[in-house]
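You will see two complexes here that share chain A, one where it goes with chain B and one where it goes with chain C.
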Partner chain A sequence: MLYIELALQGLVNGSMYAIVAVGLTLIYGLLRVLHVAHAGLFTLGAYITVLLTNATGSLVAGTLISMLVVGIVGMVVYRLLYEPLLAQPPYVALIASIGLFIAMEEGYRIIFGPYGNSFASTWLTERVTLGPFSMAAADVAMLLGAIVLLIFLAVLMGRTRLGMAWRATVTDPAMARSFGVDTIKVRYGIFFVASVFAAVAGSLVAVLNNLVEPTMGDVPSYKSLAIIVLGGLGNVTGTLLASLLLGVIEAYGTIYTGAYLDRDAIAFVFLIAVLMIRPQGLFGAR
Partner chain B sequence: MLEVRDLVCGYGHLVAVHGVSFSVKAGEALAILGANGAGKTSTLMALAGHVDIKGGSITFGDEDVTRATPMDRCGRGIAITPEGRRLFSDLTVRENLMVGGYLRSMARAKINLEKVLDLFPRLKERLHNRAGSLSGGEQQMVSIGRAMMAEPKLMMIDEVSLGLMPKNVDICYEALDKLRSTGLTLILVEQSLERVLSIADQVCVLDSGAVAWTGSAGEARGNPEILDAYMGGAH
Partner chain C sequence: MLPTLGAYEVSLIVIVSVNVMLALSLNIITGLCGQVSLGHAAFFGVGAYAAAVLGNLGVPFLVVLPLAGLVGCLLGLLVGLASLRVRADFLAITTMGVGFVFVGFVRKQNWLGAEMGLSNIPDHGLGDAGFVGVCLALVVAIALLSAYIKRSWLGFGFATVADDEDTSRTLGIDVAAYKLTAFVVGTFLAGVAGATYAYFTRFLIPGAFGFGVSISILAMVIVGGVGSIWGVIVAAVALTLLPEFIRVVNDYKIFIYGVLLVLTMRLSPGGLAGLVGQLSASRAEMPPRSAGAQP
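And then the complex of A and B:
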């Protein structure tokens, strides 16, 4: 029973990693930029959700408004930060992105204070019993949220013209333009979708921990970078599988290696081990 | 239909084409010939909007499209089948074709897809395969089909026969012949003369980024020494 519960817990964490990392990999695939400030949007999403939920009493309304606002902020970040730097070498955009992430964290500290915010009502911390298994309601919400978002993403990318345009733009932007794809709109669209995902992940983590603090994006930022490398940079399916795999490995690792290896260190031991065997990542093409 | 006047284009500081002029009437097929490095592909890519135009003008229909974006040109009816095909290799054949029809309504794209499959029946069984997994000949068919999906008035094809088996070259040229008979205007860039002269009405030979000779395809066939002088025996 312990093994199954650990696997479930791993899938819950893996789902959160997946929602954050898939946005990063979408953006990397399109612009070849490591969008570190994505984790800053994750934190922003959490803050907006907790503040609006406490103000209105509705978690759904809080989360929806958070998704919309963070999606728009993501597009603004693209316009003001990345677009002027696209002609520069990739490390310029990376440094700018790290700078923005630090600035966002400090901004949250100044605006919302250093001690964190919590939900006034905590019904999501109650436990749900499914047969022999017992999970926090927030864990169930995380799993369901991830499933809904990932199905939405699969349909968007595989069945819609925007998805086709995005994938064509990733392969050959000049040819995509030749057939009428507005690659600028595709970029804004992808930043919006990726940022909405970050907002959902931030909101779900806020509910899970019943705490939002300025530095809550730190762990997702470096762990999602490890995940997109593991998944094969720009590979969406690889990123999803790597997220779930890492979640499960961490869950078992905390039980069996917890005495000498911190939970957050497991991701990097795993990353180093994989890159020694497959430098292109678990699911990347050589 | 297309009038190119004193076109100067290139990449950054490098000028690849120095003052090229030619025109194509509606329904005509123009062959642009020349040895490697003569400026054929640069001219075609400039017409498609992918190379910096440093001077001259391009008029399509009655409109000046010299500064138009590739998207605008596609909307006005200019489509390209580029050198090396440049398919979206991770997308399926169907998706590649649908991207070709991106500016058209879904209903029109579906009608055009049927036309492409009528022209290249072999693609029917490949529709759900990744484009990158196809043979060179099949990829060329997808590339021509993708351009057809844009409902062009002018289709530009760069090195249709390059690297293909003779059987596939035949299939592609037969398809181009059929398209021409529907009134489509063609510009073909080729190093291989025999096939392209069988389909072209006019010939423009480029040498070192400038026009070296122009004339009808009949005149070109009757004067092999002219072509020899500029093609370096490539044909």
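And then the complex of A and C:
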């Protein structure tokens, strides 16, 4: 029974990783930028959701507005930060992104205080019992949220013009442009979608822990970098599988090797081991 | 004669020296040889913990310094070997992983003090002035070594590897040997910096060698101007002292640090060295104004 509950817990964490990391990998595929500040947008989404939910009394309204606002902020970040730096070596954008992430976290602490905010009503801390298994309602919400979002993403990338344009631009930007793809519009579109995903992940984590704090983006910021590398940088399916795999490995790893290594170290030992065998990531093509 | 130094001045000089050493050591790997590392604090930490353990065994401070460097470069050699396998962004994330594995490992080791920290590090026995002297001597030595490497054949080799790995290989340059050399030299110096730090604070906790520290070392290199020795030194001093200068706005100092990183990258992507290069280039392009005006 423990094994199954561990696996479920791992999948819940992995789903959160997936929703954050998939946006990162979409952006990496397009711009070759490691967008660390993505985790700052994740936290922003969580704050907007909690504050609006407490103000309006509706979690749905709070989350929807949060998604919209964070999506727009994501496009602004692209326009003001990354677009002027695309011609520079990749570490320039990386340091700029890390700087932005530091400033965002500190900004939240200065504006909202260091102790964090919680939801006024807490129906989501109740537990759902299904046969012998029992999960927190928020965990179920996370799993369902991930499934819905990822189906939406599959449709978006597979069946819409934006998805087609993204794939074309990733494969060959010059060719895509010559076939009439507006690659600039694709970038804005992808930053919007990725940031909306970050907002949803932030909101789900806010519900899961019933707490939003300035540093909640720390773990997603570096863990999602590990995941997109594991998934083969720019590979969406690989990123999803890597997220779930890492979630499960962390869940089992903390039980079996927790005496020697902490949770992060387990994740990175796995990452390094995989990269030494497959330098292009688990699902990367080379 | 040295002026008498208060405890505050001593700690400031030592911390600035340690950071300059770290920035210069990463500059050899990232600046000269082009291998971006997001885990440099791990080598710093390995050196610091090695120094603490050796010091407790009764090894004198000046012998501990090179030994801690050796321990640092053993790990560096391993990561260097990894750099032969993975490249660019994959390498950056691998080195980040090394940093997390180091911290996560130390956190669980009781003989290294685990979460509680290691506190019984012996006195260096040199007195404040002597210790400051050692720090400054190390900084000067590492700066001269960096400048020497940059001008030597080794430096040219590094530059070609940094510029274009595949082309260098085609030209018959032993890319693997250059990369390993860069990692070994850079991580040796980081280990020495770690030993200095350990003997200064005499108290080590895993958190002092985390991801944030790796980032701030990399920030010094990039803000200074990748590869530029004077630029990296100036940036390391400035970024270390910055929080001291803006203590009036204590609550905002990390926020300001973040904003400054963004602004520097946005306005001068080449860092300080790039900025100065631009300024002197634009001055050189200007027609010599004084020529006609002189009687």
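Here is the rule we use: the second predicted complex is superposed on the first by the 286 of 286 C-alpha atoms of A that agree within 3 Å, B and C clash if a C-alpha of one lies under 4 Å from a C-alpha of the other, contacts with A are read in each partner's own complex, and residues count from 1 in each chain.
Going forward, a residue touches a chain if its C-beta (ideal position, glycine included) is under 8 Å from a C-beta of that chain, and two chains touch if they have at least 3 such contacts.
Being a predicted model, the structure only gives us computed values, none of them experimental.
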Report task. State whether chain B or chain C is in contact with more residues of chain A in the superposed arrangement. Result -> C
Query raised in the report: Is A:110 contacted by the first partner chain B, the second partner chain C, both or neither?
Result: second
Report task. Please indicate which partner A:178 is in contact with in the superposed arrangement: first for chain B, second for chain C, both, or neither. Result -> first
Query - Which of chain B and chain C A:44 touches, first, second, both or neither - result: neither
Query raised in the report: After superposition on the shared chain, which partner residues are touched by A:275: those of chain B (first), chain C (second), both, or neither?
Result: second
Query raised in the report: Does chain B (first) or chain C (second) touch A:99, or do both, or does neither?
Result: second
Query raised in the report: Does chain B (first) or chain C (second) touch A:161, or do both, or does neither?
Result: first
Report task. Could you pull out which chain A residues touch chain C in their complex? Result -> 28, 32, 34, 81, 84-85, 88-96, 98-107, 110, 222, 225-226, 229, 233, 259-269, 271-272, 275-276, 279-281
Query raised in the report: Can you list the chain A residues touching chain B in their complex?
Result: 161, 164-165, 167-168, 170-172, 174-182
Query raised in the report: In their shared complex, at which residues does chain C touch chain A?
Result: 30, 36, 82, 85-90, 92-94, 96-98, 100-101, 103-105, 107-108, 211, 215, 218-219, 222-223, 226, 251-252, 254-255, 257-262, 264-266, 269
Query - Footprint of chain A on chain B - complex, ascending - result: 48-50, 69-71, 73-75, 79-80, 82, 86, 88-91, 95-96, 98-103, 146, 149-150
